[in-house]
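What follows are several structures.
Look for chain A in each of the two complexes below; its partner is chain B in the first and chain C in the second.
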Partner chain A sequence: MNTALAQAAVPTARAIRWTPAVCLAGVLVAATVLARSAGGPADVVLAIAAAGLAATVVSGLHDPAAAMLSAVPVSVMQRRVLRLALLGLPATAVWFLLDSLTAAQVSGPGPLLALTACGVAVALWAPPRRAVVMGASTPVALFALHQFLPSGTVSDVVGWWLTEPWWVLAAATLLCVAGRRR
Partner chain B sequence: MSTTDTATHTPTGTLLSAAGITKAFGSQTAVDQVDLTLGRGIVGVLGPNGAGKTTLLRILATVLAPDRGTLSLLGLDPAHPTARTEVRRRLGYLPQSPRLYGGFTPLEMVDYVAILKEHTDASQRRREAVTMLEAVGLGDAMHKRIRTLSGGMQQRVALASALVGAPDLLVLDEPATGLDPEQRIALRSVLAETAHRGCVVLSTHNTAEVAALCQQVLVMDRGRICWSGTPAELAGEAEGRVWESDVEEPTALRSWLTGPGTRRHVGTLPDGAAPAVPTVDDGYLLVTRLTR
Partner chain C sequence: MSMTTVRPATAASAPATVTRALVVIEARRMLGNPVPWACLALTIWAMWTVTPEPGEWPGASYEGIIPAVAPFLFGISVAASLPFHRARHDVAPAAPVSEARRTLARLLAALPFVVVALAYAVLVAWRERDLGGLWIGMEPGRTTEALHTTAELAQLVALALVAVALGAALGRRMSRLVALVPALFVLWFVVSVYWLFGQAALTPYSMIQVQPLNITVGPSSADPLSFPSDWLLVGNPHTSEGWQRQWVSEALAWWHDVWLLGVAALLLGVAWPRSGRRALLTVGTVLAVAGLVGQHVVIP
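The block that comes next holds the complex of A and B.
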C-alpha cells in the first residue's frame, strides 16, 4: 500500500490544479512586501495569508476523477491525506516565507494548521456534494468573522484559531479522525 | 422465466452473491431486497431511469454499503475493510459518466489507476496500460491530452482504466455511452474476453447491446429485480403478445410508431391480429409494464 501511495505522489501532484495556489502565493508575497514597506498591519496580513493558504489546501481535496477512483484499493482517505500533504507542504513553506517578511507578533504555522484542520473537518462532515466548497470556505469564514464581529465572547471564540491555534488544531484533528470513514 | 427477485447463473462457481440487499436514501428506497447469485459471464441490468441500477452497481463495486442484507464478492465480505480492499484489488469499476484528469494522457490516466490498484512494478504496469488502451482502440491516441479527446474516446479511456489488472469482477455503469457502432462492437469483444475469466455486470438502456452481449439479463424496476433470464427468454416473454397495425389498439399495454409508419403493440393480442416476431425490446416493455 505504502509503495502504491508513494508511486501515486507524482501523478497526484500533477492532477492537482496548482495555478490558483501559485497565484495566491504570489499575491500574498507581494501584499506582505507592500505592507512591510508601507508600515501596514503585519498581523492582519499574516491572518489573511493563513486563511487564504488554508482554503487553498482544503480545496485540494476536490478530485475530479473521484468517482472513477472510488473502487480502488488505495482508499479515498489515503488519497485525501496525500493531496493534503502535497499542497500543505508548499503552503507551509509559503507561510514561513511570509512570516520571515513581517515583524508580526503572531508567528509560527499554528494559525495556518488550525484553519486547515478546521476546513478539512468541515469537508469530512459536510454533505458530500458540497463538502469541499464548505470546507474551503471555512478558513475564510473564520477569518472574516474574527475580523468583523464586534469584540466579545463570540468574537473571542471565533478567534481561537489565532490565539489558541494548537488547541483548535487538536480539536479539529479529532473531528477529522472521527470522520475519516465518511 | 417468470417474474422473480432471484437471479441464478453459476456456470463455474459463484463470484457474486447478494441476499436481501437494501439501500435507501432518506425515504427513497433505491434498492429493495435484491437477491442475486452470479458466476462467470456477462450480466446486463436493464431498467427505466430511477429503477435503482446505478445504486445496485455501486453496491456491487463496494462504493456504497447496503443498509441491510448480505453481500459476498469473490468469496469475501466487503463489509470488512480488509476484505473490501482485497475485493478492490480484483475489481474493475466504470461509473456512470466518469470524469478524468483532462491534463493527463490516456496512458498516464490508466497508469495512475493501475498504481492505485497497487500494481507497483512500473514497467509491467506500463505494458499493461498500453495493452488495455490498444484493446479499446486507443493505441494511436494514448499520448494525447484527455481534454482533447472526444467523449467516446474519453469513455474508452475510463473503460481501459476499469479493465486494468485483469479484474475477476467488472462492474460497468452504461459502458457504451458515447460510443459509435464500431466502438460498441469493439467493446463487446473486450468484455467477452473479460467474461472468460470472471463476472461482468453492466447496466444499459440499450436492449440490442444486451441481446448481443449478455448471457443473462436482470430487469430492475423500483429498486427490485422484477425479471431475470436470458435475452432469448426476455424476447420470448412477448411471444404471441406483439403485433403491428395501422391504428391505436385499446388492448395494448404499450404502443409506439415504427419507422415505416405502422404501430407496434405489446399486450393482449386482439382477435384476428397476426403476431409479430418478438424482440428483446418487446419483452422488456412487456415485463416492465406488467410488473407495475
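The block that comes next holds the complex of A and C.
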C-alpha cells in the first residue's frame, strides 16, 4: 500500500497546479517584506498568510481524476493525505520564511495548522459536490469573522485558531479521523 | 383559419436583444450568489464600528473607514469570477453568440455591484456626517470635523470596478475554480493593510489608498506654532521622527482613481477575448501611467 502511495507521489505532484500557490506565496513574501520595511505590526499580515496558505492547501484536495482513481487500491483518504502532504510541506516552509521575516507576536505554525485542519474537516463532512470549495473557504471565513465580529464570546470562540491553535488542531484532527471513510 | 405573422427581427436589434437577454440571465445568477451580500454585511458592520475615540492615533478613525470595504471587494470578485470561469468550458465556443458579446454581457451583468458600491460610498458619507466628522491631527494642528473628499469616496466605486475586472481575469485564466478563493482572499486582504503602502514612494501603487499621508516637516524640538496654521500635525508621543504633517489631498485621490481605472482596464484586457484585447490593454496602460505620474507630481 505504501509502495503504491509512494509511486503515486510524483504523478500527483505533477497533477497539482502549482502556479497559483507559487504566486500567492510571492504576494505574501512581498507583503511581509513591506511590513518589515514599514516597521508596522505584522500580526495581521501573518494572520492573512495563515488563512491564505491554509486555504491553498485545502484547495489542493480538489482532484479532477477522483472518479477514475476510485478503482485503484489506495483509499480516498490516503490520496487526500498525499495531496495534503505535497502542498502542506511547502506551505509550512513558506510560513516559517514569513515568520522569520517579521517580529510578530503570533509565532509558530499553530494557526496555519489549525486553519488547515478546520478546512480539511469541513471538506470531509460537507456535501461532496461543494466539499473542497467549502473547505477552502473555511480558513477565509474564520479569519474574516475573527477580524470583523464585535469582541465578545462569539468572537473569542471564532478566534481560537489564533489564540488556542493546538486545541483547535486536535479537535479538527479528531473530526478528520471520524470522517476518514467519507 | 387565421394566420399569425411575426415581424422578423432587424439585423441591428437582434444582437442587442441577445446581449440584453444574456445580461439578465448572468445578473440573476451573480446577484443570487450569497457571498457578496454576506461580505457587504461584514463591510457595513466594520465601517459602522469605526468611531473617533479619545487617545486614538491621530487620524485612526479617518484611516479606518476606507479599508473596511475589503470584504465586499472580495465578494464582488468571487461573484464575478464564476461566470468567467464557466466560459472556459468547451461548450461555449460552439454557441451562436460571439465570445466578445458574451464577455460584454457578463461584465454588464456585474455592474449592479458597482451601483451597490456607489450606494455604500453614499452611506459612508452620511455616516461621517452623522458622527459629526472624524478626527485628524493633534494640537495645535487638529480637526474633529474631517470628512472624506468626493475623490476618496469615488475610490470605492473605482475599486468595485477593479474587483469585477480582477474576478473576470482570474476566473477566465485560472483552470481550477477552487484556487480562486485563496488567491482573491490574499490579494484583497493584503491590499487592505493600508500602512504597508503608507510611505510616500509606495502610496501611488496602492490599491486601497488611505489618507492622510504623514510627511515629516520638522524635528521634535521644532515649535509647532511655527508651521502654517492650516496644517494638521502629529508629533511626540505618537511619532519618533519629529513633527509630521497629516496631509489629505483631493487631487492625489483623483489621480489614484485614474490609476485604478487603468488597472481595471488592464485586468479586463486579460479577461477579454483576443479581438479587442489590445485596445483595452492600451487604454489601461495609458490610464495607469497617467495616474501614477499624476500622483507622483501631486505628492510633495
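Note that in this section the second predicted complex is superposed on the first by the 182 of 182 C-alpha atoms of A that agree within 3 Å, B and C clash if a C-alpha of one lies under 4 Å from a C-alpha of the other, contacts with A are read in each partner's own complex, and residues count from 1 in each chain.
FYI, a residue touches a chain if its C-beta (ideal position, glycine included) is under 8 Å from a C-beta of that chain, and two chains touch if they have at least 3 such contacts.
On a predicted model such as this, the values are computed, not experimentally measured, just so you know.
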{"item": "When chain B and chain C are modelled together on chain A, clash or fit", "value": "fit"}
{"item": "Touched partner set for A:L24, first chain B, second chain C, both or neither", "value": "second"}
{"item": "Touching partner for A:A4 - first (chain B), second (chain C), both, neither", "value": "first"}
{"item": "First (chain B), second (chain C), both or neither touched by A:A93", "value": "neither"}
{"item": "Dominant contact partner of chain A by residue count, chain C or chain B", "value": "C"}
{"item": "First (chain B), second (chain C), both or neither touched by A:A178", "value": "neither"}
{"item": "Which superposed partner A:A67 touches (first chain B, second chain C, both, neither)", "value": "first"}
{"item": "Contacts of A:V154 with chain B and chain C, given as first, second, both or neither", "value": "neither"}
{"item": "Angle at the Cα centre of chain A, taken between the Cα centres of chain B and chain C once the superposition is applied, in steps of 10 degrees", "value": "100"}
{"item": "Smallest distance from any CA atom of chain C to any CA atom of chain B, in Å, after fitting", "value": "10"}
{"item": "Overlapping contact positions on chain A, where the chain C interface meets the chain B interface", "value": "none"}
{"item": "Of all residues in chain B, those that touch chain A in their complex", "value": "61-63, 85-86, 88-89, 91, 93-95, 98-104, 108-109, 111-113, 115-120, 122, 158, 161, 171"}
{"item": "Chain C residues within the chain A interface of the complex", "value": "39, 42, 45-46, 49, 71, 174-179, 181-183, 185-187, 189-190, 193, 195-199, 202"}
{"item": "Chain B-facing residues of chain A, complex", "value": "1, 3-4, 7-8, 11-12, 14-15, 64-65, 67-75, 79"}
{"item": "Contact set on chain A toward chain C in their complex", "value": "17, 20-21, 23-24, 27-28, 31, 34-35, 38, 40, 44-45, 48-49, 51-53, 55-56, 59, 62, 132-133, 136-137, 140, 143-144, 147-148, 150"}
